[in-house]
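Below you'll find a set of structures to go through.
Each of the next two complexes has chain A plus one more chain, namely chain B in the first and chain C in the second.
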Partner chain A sequence: MHRLYVIPTIFINVVIIAIPAILTMILAFYRWDGMSTPVFVGLGNFEALWTDRVFWRALTNNLIWTGLFLTIPIGMGLLAATMMLIARRGSTFFQVIYFLPIIIATAITARVWQGMIYSPITGVLGLLDRYGLELTNPLTQVNTALYGVAVADLWHWWGFLCVIFFAALRQVPQEQVEAARVEGATFFQLMRYVLLPGIMPTISLMMIMTIIWSFLVFDFVFILTQGGPAFSSEVLSTLAYRSAFYDLAVGKAAAVSVIISLFGIVATIFYIRIQAAEIVE
Partner chain B sequence: MKFLFTTALVAMGLSGGAMAQENVDFWYETANPDQQRWIQELLIDGFQTANPGFGLTVDYRGNELDKQLRIAMLSGSGPDVVFTPGPSYVAPMAQNGQLLSLEPYAEQFGWNESILPVFLEMGRYDGTLYALPKTYETIGLYYNKTLFAENGWEVPTTLAELEVLADTMMEAGIQPFSAGNSDWRGANEWFVSIALNSVAGPENVYAALTGQIPWTSEPFVEAINTLNGWWEKGYFGENYFSIDSGEQPMDLLATGQAGMMPSGTWQFQNVPTYFNQAGTEPGFVGFPSADGAPVFALGVGSTLSIAATSDVPDGAAAVIGHIFTPDFYSAMGSQWQGEWNMPLSDLSDVMMADTVLPLYTEAMANLAQSVGEGSYGYTTWTFLPPATNSYLINGIEEVWLDQITTEQYLAEIDANFQTEMGEGKVPSIPAR
Partner chain C sequence: MTNTESRLTLTITFIVLGILVFITLFPIVLMVLNALKPAVEVVQNPLAFPSEIRWDNFSRAWTDARFAQTLMNSAVLTALTIVLVCTTSSLTAYVLARKKIKSWKVVTFYLLATTTAPIQLFLFPLYFGFAKLGLINNPIAVAFVYTAVYSPFAIMLLRTYFLAVPKELEEAALIDGATHWQVFWRVMLPIVSPGILTVALIIGLYSWNEFLIATTFLQSQDRLTAVVSFFLLSGNYSSDWGQIMAAALIIVLPIVVLFVLLQRRFIEGMAGGSVKG
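Here is the complex of A and B:
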């Protein structure tokens, strides 16, 4: 009888996730404009992507993005969380401050960065320029556009990791921390031998999720640069969106989406294996 | 109890009223509060008064209307009146049987006589009429008349004069072209359209659109090289990717920080606000060409059709019929310039309000004359199929930023175009 409880969940998963996912996988092997009858093209969409320089640019950008988000926000989050653990005074206040950007709608955050910070006319960069400090809007340069978008996303993201890590750090047995202190451990020794091992499951979960999220990134890129200039900040999801809704190449968009999913699946398998190993231990 | 009875009676009254009146659904894109008020008063109320048998509901769907519409049409749940962003969107819909033939209604409402033939031609697919252009537009050169007078500058009449003037402006620390694309990457194609029509010429563009010559032909190489030359000389300024495509360029122009602005007639809606604020006088001319005669590139910003699945096709046709009348043209055009510019063949009954800028009516008259003489040019968003146009917009940035050459850019445009032409996705191109 109790098995009936899973029926609503399974129903929702099948309707909302499984069927569209299977249809997307099937569509990746068709040429379809979103309106007419799809035409089977075998691996044609994947072959087209193989020779498409914009696809490789987008894939490279996703890898750079993953690298940035696996290091900078996790590093900042860990550092700030540890600080709050050691200096407990004011930690609630700082948690709220660090967490605040994540509850602001992405569209608003992105527009604030675009119009009030980066803009040479209405933004902080424009103001600095008027005081003689010339800074170029990073979103307008081929070499910096992706990083300009990443900074805005990092600002909104790292505080979330900080709060998660702080919550995990508070679960580390206090006796271990005090024992390390009694033994004369330095701050770095405390981190290296007590705190980090204590929250390693949380860190690995966040890293796996970061990989998955990094391949799904869309909102900040689309609002701030729409993948430009000259495709320099294009990522796989913006490429899929443009293919489906501007080029009317839904099959190609489905092929890109399948590739995005492959990275997610690899990360998920990796995570499940880590989990399984921990359970055996 | 009395309240319950009253409620039941009101509900019965409402349902009775609804049964007597068939409702027409019309999905519209974005409109600000003033514009929504004009739609309510002039379109909805005006239509319902003239057609008591039908009701009209206008639903504002935002900038992503075309994407919502495509999915809704696929599932057969779209609106009755289908609003597309241009003829290139009509071809695939007509191809897949999602639109109703307008031929019987063209007879009934006299559209074959009341609408300029070129525009009827653009709404055809395989010889059948599926769409009417809701608004037509052109691109030209706005300039700051006050700034020109102060500096003794003449309005350029050839491309050579334009370049000399632009160089002079740069030496004076004034940005020659006011432009931006931070909010709308599609703005890039305004300048590509200008280059194709003013440098390569409308005859060559027509030949390429009809498959007679490839897009890699010499005139197009020269056109893109010229545009790239303007970019490299700095005519578009340093902040092209940072400022928006609408109000900020108009502000730069009106305040004299920029001297000229290549843009479309839709920008007339921003002219009074910024020029009145700056206390300067605006000017607008056709964009000069290599041989001097300005080219008015023809654009259709949106079209109206009837969904094949509509259960009130007569009502939907009546709405379109109401829009294509001189009375509606006069009333809406007097309030909202550039957005409801239906291609009526006879404008003698149209009476615009005194508040409408003479510059605007003059620009539209010039375009109408070009269309009448068959000397008009072609805007890319109106005549190119979707994937070709999408690449044209994004790829030009690759040329500007030295990522690819002009030849590579045109080769990719041509490859996309030939594929889409083979798939029947090129919109109808009226004969010259």
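Here is the complex of A and C:
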């Protein structure tokens, strides 16, 4: 009887996600333009990627992205969260402000950074440049484009982590904190020996999610640079998207998607184990 | 925490938190400031206050981004998604929280796995499949895609609300002769309604802001969502950043107002879905 209750969810999920995902894995071994009959090419798509400079660039960029997001926003989030704990007063105010960027549509955030900050004509960097501070638009330079995109995404992302860490910090048992206080621990000792170990599960979960998300990053790159200039900011998801819809190389796109998933799968296993331990209880 | 922090520590703390507030607000302030300016002044100095407030940026944004139509499209799509997610997810969350079926573990693991699946893993066959079935530019079809993508998150969040309901309530209702459906519909649902409201808010936010799926599946002029219409306006049709920022503000403002009014719900819900809060 109760089996009927889960049928709508499972049906929708299987039709929209599971079946197309399996088709993608099959398509990775075919050459297909989206219209004619697919041609089986074995490992052809993967072999082509192996010698494709753009693919390696994209993969490297995803790894750089993972490195950036595993350190900077997690560091900023932890710093701000602990400082909100010290400040005590105004923590609601800080939380609301830091959370704001995450509720703004990524397409809008990307355009604000592009036009109002980076642009040499209408942006703040352009203004500073006119005052003589030799600044160029990072999005148009091969060496900086990826970082220019990352800064906008970091701005949008770190506050979410801060709020999560703050919530976790407040759940560390008060007795432990008091005990450390009685022993005369300074704040930094308290942090190191009580608070950080106390929220370690949250930090590791967020790191696992960061690894998964770093291989999915799409919006900011697609809107700000389309992977350019000269593919310098290409990531795997934009490469797959352009291959499928602009080059009509759906087989290649599928192969890239399978590779994205392979990178995520290890992190996903850890994620499921952590979540499952909590759910099974 | 006891108040033993020295004055110096407190000063440094507030300075750092203040700098972070500045960093967070800076782009938002730029958006508001320039939304009120004529295009010439944006070029002269994006940081300056407008010499005169140009409300016509908003009316031109409204016409050029065809917001009368596209905001309506977004609203319909968002509403459809909220209804679909809330109905299907509350049913599933109840069954999983109470372990009503033998396969509850398999279902839970399956749903957790799909939350981390990259969109690209299913996007291409889905697109070409929808194209074959004539479902491109169909908001109902897109609402189903959103439902598939967002419902695992909604289920995990609602599950915690169902877990908090005492088992005795359910048992008492069953002893009184209620059917299983009545227990769910009349006893459980009213109790978890705050959770359903939270889920509705967050799913609403996600669908309102979503870009990748909307831009792929809704491409005809009269089906565009507000966000995609903004993306096209700012990318191709306009170089008047006063107008573009006004368009941005039209999309963002209702969300920010809702967020400020209901911030606890938003924050707890979004944080609670990924971490148990």
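Definition applied: the second predicted complex is superposed on the first by the 266 of 281 C-alpha atoms of A that agree within 3 Å, B and C clash if a C-alpha of one lies under 4 Å from a C-alpha of the other, contacts with A are read in each partner's own complex, and residues count from 1 in each chain.
The rule is short, and it goes like this: a residue touches a chain if its C-beta (ideal position, glycine included) is under 8 Å from a C-beta of that chain, and two chains touch if they have at least 3 such contacts.
Here the structure is a predicted model, which means the values were calculated and not measured.
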May I ask you to decide whether A:A21 touches chain B, chain C, both, or neither, giving the answer as first, second, both or neither?
second
Using the superposition on chain A described above, determine whether A:L135 touches chain B (first), chain C (second), both, or neither.
neither
May I ask you to name which of chain B and chain C touches more residues of chain A?
C
A:M200 in the overlay: touching chain B, chain C, both, or neither? Say first, second, both or neither.
neither
Just checking: does A:A80 make contact with chain B only, chain C only, both, or neither of them? Give me first, second, both or neither.
second
Which of the two partners, first being chain B and second being chain C, lies in contact with A:P101: first, second, both, or neither?
second
Look at A:L43 in the shared chain and tell me whether it touches chain B only, chain C only, both, or neither; answer first, second, both or neither.
neither
Considering only touches as defined above, state whether A:T9 meets chain B (first), chain C (second), both or neither.
second
Does the superposition put A:Y118 against chain B (first), chain C (second), both, or neither?
first
I'd like to know which partner A:A230 touches here: chain B for first, chain C for second, both or neither.
first
Same chain A residues contacting chain B and chain C, which ones?
34, 121, 245
Can you tell me which positions in chain A touch chain C when the two form their complex?
1-3, 5-6, 8-10, 12-13, 15-21, 23-24, 27, 34, 76, 79-80, 83-88, 90, 94-109, 111-113, 115-117, 121-124, 127, 155, 159-160, 163-164, 167-168, 177, 181, 187, 202, 205-206, 209, 212, 215-216, 218-219, 222-223, 237, 240-241, 244-245, 250, 253-254, 256-258, 260-261, 264, 267-268, 271-272, 275-276, 278-280
Can you list the residues on chain C that touch chain A in the complex?
1-5, 9-10, 13-14, 16-17, 20-21, 23-25, 27-28, 30-31, 34, 42-43, 45-47, 84, 87-89, 91-92, 94-96, 100-101, 105, 107-114, 116-129, 144-145, 147-149, 151-152, 155-156, 159, 180, 184, 205, 208-209, 211-212, 216, 227-228, 230-231, 234-235, 241, 244-245, 248, 251-252, 255-256, 259-260, 263, 266-267, 270-271, 274-277
Contacts from chain B onto chain A in the complex sit at residues 66-67, 70-71, 73-74, 92-93, 95-96, 98, 182, 185, 238-243, 248, 386-387, 390-391, 394, 397-398, 400-401, 403, 423, 425
Chain B-touching residues of chain A, taken from the complex the two chains share:
33-36, 114, 118-121, 137, 139-140, 142, 226-232, 242, 245-249
